[in-house]
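Below you'll find the structure, written out as structure tokens, and then a few comments.
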Amino acid sequence: MAKVKGISILEILILFFFITYLLLPILAIIIFSISDTWGVGDPLPRSFTLKWYINSFMNKDLLISIGRSMFISFISVIIGLIIILPTAYIVRCNLRSLEPLVRFFTLFPYVLPGVILALGLIQIYSKPPFPIAGTIYILLFAYIAISLPFMYFVISNSLQSIDVKTLTEASQSLGAGMIDTFFRVIIPNITPGIINASLLTFAGLLGEYTLVNLLLGARFKTLQVYLYTAMNTEGHTASVLTVIYFIMVSIVSFVVIRVVRGIIGEKKEIPVLK
Amino acid sequence: MSYLCVESISKRFSNIIAVENVTFNVEKGNFISLLGPSGCGKTTTLRMIAGFELPDEGRIILNEKDITSLPPNKRNIGMVFQSYALFPNLTAYENIAYGLRIRKLPARFIKEKVDSLLDLIKLTNVKDHYPYQLSGGQQQRVALARALAIEPDVLLLDEPLSALDAKIRVVLREEIRELQKKLKITTVYVTHDQEEALSMADLVVVMNQGRIEQIGTPWEIYNNPKSAFVANFVGQLNSLKGKVIDTREGIIEVNTVPIRSIPSSILTANSELDFMCRPENVKILTRDEKEVNTFEGKVIKVIFAGSIIRFLVEWNSYNLYIDTFNQRVIDIPREGERIRFSIPPEALVPLR
Amino acid sequence: MIKVISYFKNNFINILLILPFFILCLMFLLLPAINLIKGSFTDMNGNFVGLSNYYAVVTRRYYQISIINSLNISIISSIAGLIVGLLTSYVLLRITERSKNLLLIFTNVTSNFAGIPLAFGYIILLGTNGIITMFLLKKLGIDLYQNFSLYSVTGIAIAYLYFQIPLATLLIFPSFFAIKKEWQEASLSLGASEFYFWRKVGIPILTPGIIATFVILFANALGAYVTPQALTNGTFNIITLRLAHFLTSEVNPDYNKADALAVILGVLLVFSLVINLKMNKRSQLWQK
């Protein structure tokens, strides 16, 4: 096997295949989004244009759908955080015995993919006492519920890495109450974990289609729903929207990676007491 | 020619010299220890003997064969790693049998050999246990048996006891030495613990920053260290700065106090040298006793360490350590009291 | 009982604060699941009917095909994904730290593309008028659609691979680190060849990790809804699309049959999860 700088040709080929395979569909959509005229049976467009992008920024429906997606994802993340932070902290510090139960719920997303969850939710919540099926509330609660496990996982790991139990005891020995400790010591020290959990969940919800489609249908046109209908009717608009969506989640990914690298890059520092 | 000859080997990593011009010989059946602080090159030297690193210069000869560039699996060496490196998916029995199975030896022979080794290390009852089911000490013994099973020409151990509790370390130390003597297997033992090296080895190679500081028996290394580094690394010492004022009588002056030591060629006229004096060599005197080099000092601290009592004594602008055995009959001077002691002339060892 | 009461008293505020988490999980995760299971054993009016719903589902040709198709495409895409994942992981081990990080970032970012964008991209690439389809036809004279269709099992599997391969790589890659250099050195010192080491020690140690990965890929493919839906507009007969059909198209849906089908899928997923956990435990034991 010919070797170049310690890595053989075969291995380079494998990497090349890997990268190409992942890149092709993305490139295809980008090309489509800037294509103008397309001859019959031509592999590639004859001319290019940016008019689809310009049109999109004037397309009210498209912009509103993006707005809806960001809105529901944002609210879900915020509420999720408010619920998860005290939960993770208390379970880790005071109520260790409940940890197995929490872990049990963390595994749920694996056995309840979107379709099954939607089926279950509709049957319960289309009747009293909580007939919220068909309203935005069922989507909101569903989104929060499926985000909780992942957020718990990230936050709990964060807490573990800062040895939260010892920090809490140190803080209490210095006279601080639980609330003070929580806001002055714990939160500042797990900020990277919080950012990670929030951003990843946000990006994930932006890309969520199953629940919004099956629970609300066309009643709440998020980015993904709009994308699906546009895919079959206005292909160019769909491709532009895809590019916009992809840029949005890529930015989120990059920020997360920066934050993670910040954690790994740091040496073990003495945690900060604000 | 010695059984194992390491001749002037050197090794560089990027621009760091790990091992420089190291030479030593081991006779067949002997136990030699490579002793030194972290980063002194002792592990790298061992790995070159094992074949996991290639020396940049020099040769390694084992049993009259030049093995310098031989791959590790062709050298017939037995290696015990610091982290034991037992194969986690194999039982203790299978770990020990590993090297034998490779050599395609008959099954009955393998069983005999492995069983006898298990018996030797007293682990017959856990032979079907997996590494994760064994304690640190047990894993260490299995690792040892595994290396011995193939009847290697030389046994190499890389700080095998450093991950264990102090008590177990002492026990295993003796067991390893007993085993080695019984099987008469040539052994190279790397450690940073001077107690281990001194108590186990026939010969000690003290290393520092890639170079050899001194080779000698434990007795020589301890009592006649050739350099300040060796003296400091092996055991406690008092270091006195002395000026030679009489070369014929061997009298030196420490802070204007004359002290009689042993005349030698090192003690040239008017030279200023560091003199090592081991705490246990200083003799505590009663009120009436008088010896050569009798002095008096003030006890600053008394440290009771069980079998040994250590005094920190203020004398002649020095804080001297004086060790004595805990003999219940004798009156122990207390903090703040005066103490009389004598430094025998032979206790003062000049260092270069 | 007294113990429970005093426990509550002491931890009153704590329990209050963690209540929202449990209430939400209960109401929107656990309850739907329980309800599904219950529904699969009852009829429209809530009467217990034993296994008749299940029987109805597994004996209908329609549903049989959906189960077979689901299993089929999941196994195919998982095996293919696993193989490519293994190869890629092995190569990743050999490249520089910087390249490795770049590749992991790349994998991370492109994983966001899965779902509708993925389906759309593949239609543009390999659809009947796709870029690649036309390229092969115009420039190389090969008619791709003679023997192939993006909307067949093969085509859909290719789309599935898009998210299976990165997932496989990310899961398998850490397993390679489980092989400690010292084990390899110890093996060498005992006289073994590299091959012998991998055969006796290396691969047995990697095996639980490989099985665990396969099982996750399998579960991942089984539960996939968006990609096949968007690609075939809901016409591909797999379990997830059948269930979705219930919710979107049927006028008087027979929820009980749907529940039974959902439980069948759920059981397959639970089974996968259990195997995954067992394999992970085994791997962890060996890391001690």
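All chains are identified by letter, namely A, B and C, in their written order; residue positions are counted from 1 within each chain.
The criterion applied here is as follows: contacts are C-beta pairs under 8 Å (C-beta built on N, C-alpha and C of every residue); 3 or more make two chains touch, one makes a residue touch a chain.
Keep in mind that this is a model prediction, so the values were computed, not measured.
K.L.:
On a CA-centroid basis, which chain has its centre farthest from subunit C's?
P.N.:
B
K.L.:
When I count C-beta pairs in contact, which pair ends up with more: B-C or A-C?
P.N.:
A-C
K.L.:
In angstrom, rounded to a whole number, how far apart do the mean CA points of subunit B and subunit C lie?
P.N.:
57
K.L.:
Rounded to a whole Å, what is the gap between the Cα centroids of subunit A and subunit C?
P.N.:
Each chain's C-alpha centroid was found; their separation is 18 Å.
K.L.:
In their shared complex, at which residues does subunit C touch subunit B?
P.N.:
Answer in residue numbers: 180, 182-183, 185-193, 196, 200-201, 204-205, 285-288.
K.L.:
What part of subunit C is in contact with subunit A in the complex they form?
P.N.:
11, 14-15, 17-18, 20-22, 24-25, 27-33, 35-36, 39, 84, 87-88, 91, 94-95, 103, 105-110, 112-125, 129-132, 134-135, 137-139, 161-162, 165-166, 169, 219, 222-226, 230, 233, 240, 243-244, 246-248, 255, 258-259, 262, 265-266, 269-270, 272-273
K.L.:
Touching residues of subunit B toward subunit C in the complex: what are they?
P.N.:
Listed in rising order, the residues are 50-52, 71-79, 81, 83, 85-90, 98-99, 102-103, 130-132, 146-147, 150.
K.L.:
Mind pulling up the subunit A residues that touch subunit C in the complex?
P.N.:
Residue positions touching the partner: 6-7, 11, 14-15, 18-19, 21-26, 28-29, 31-32, 41-44, 83-84, 86-87, 90-91, 94-95, 98, 101-102, 105, 107-108, 110-124, 141-142, 144-146, 148, 152, 203, 207, 209-210, 213-214, 217, 224, 227-228, 231-232, 238-239, 242, 245-246, 249-250, 253-254, 257.
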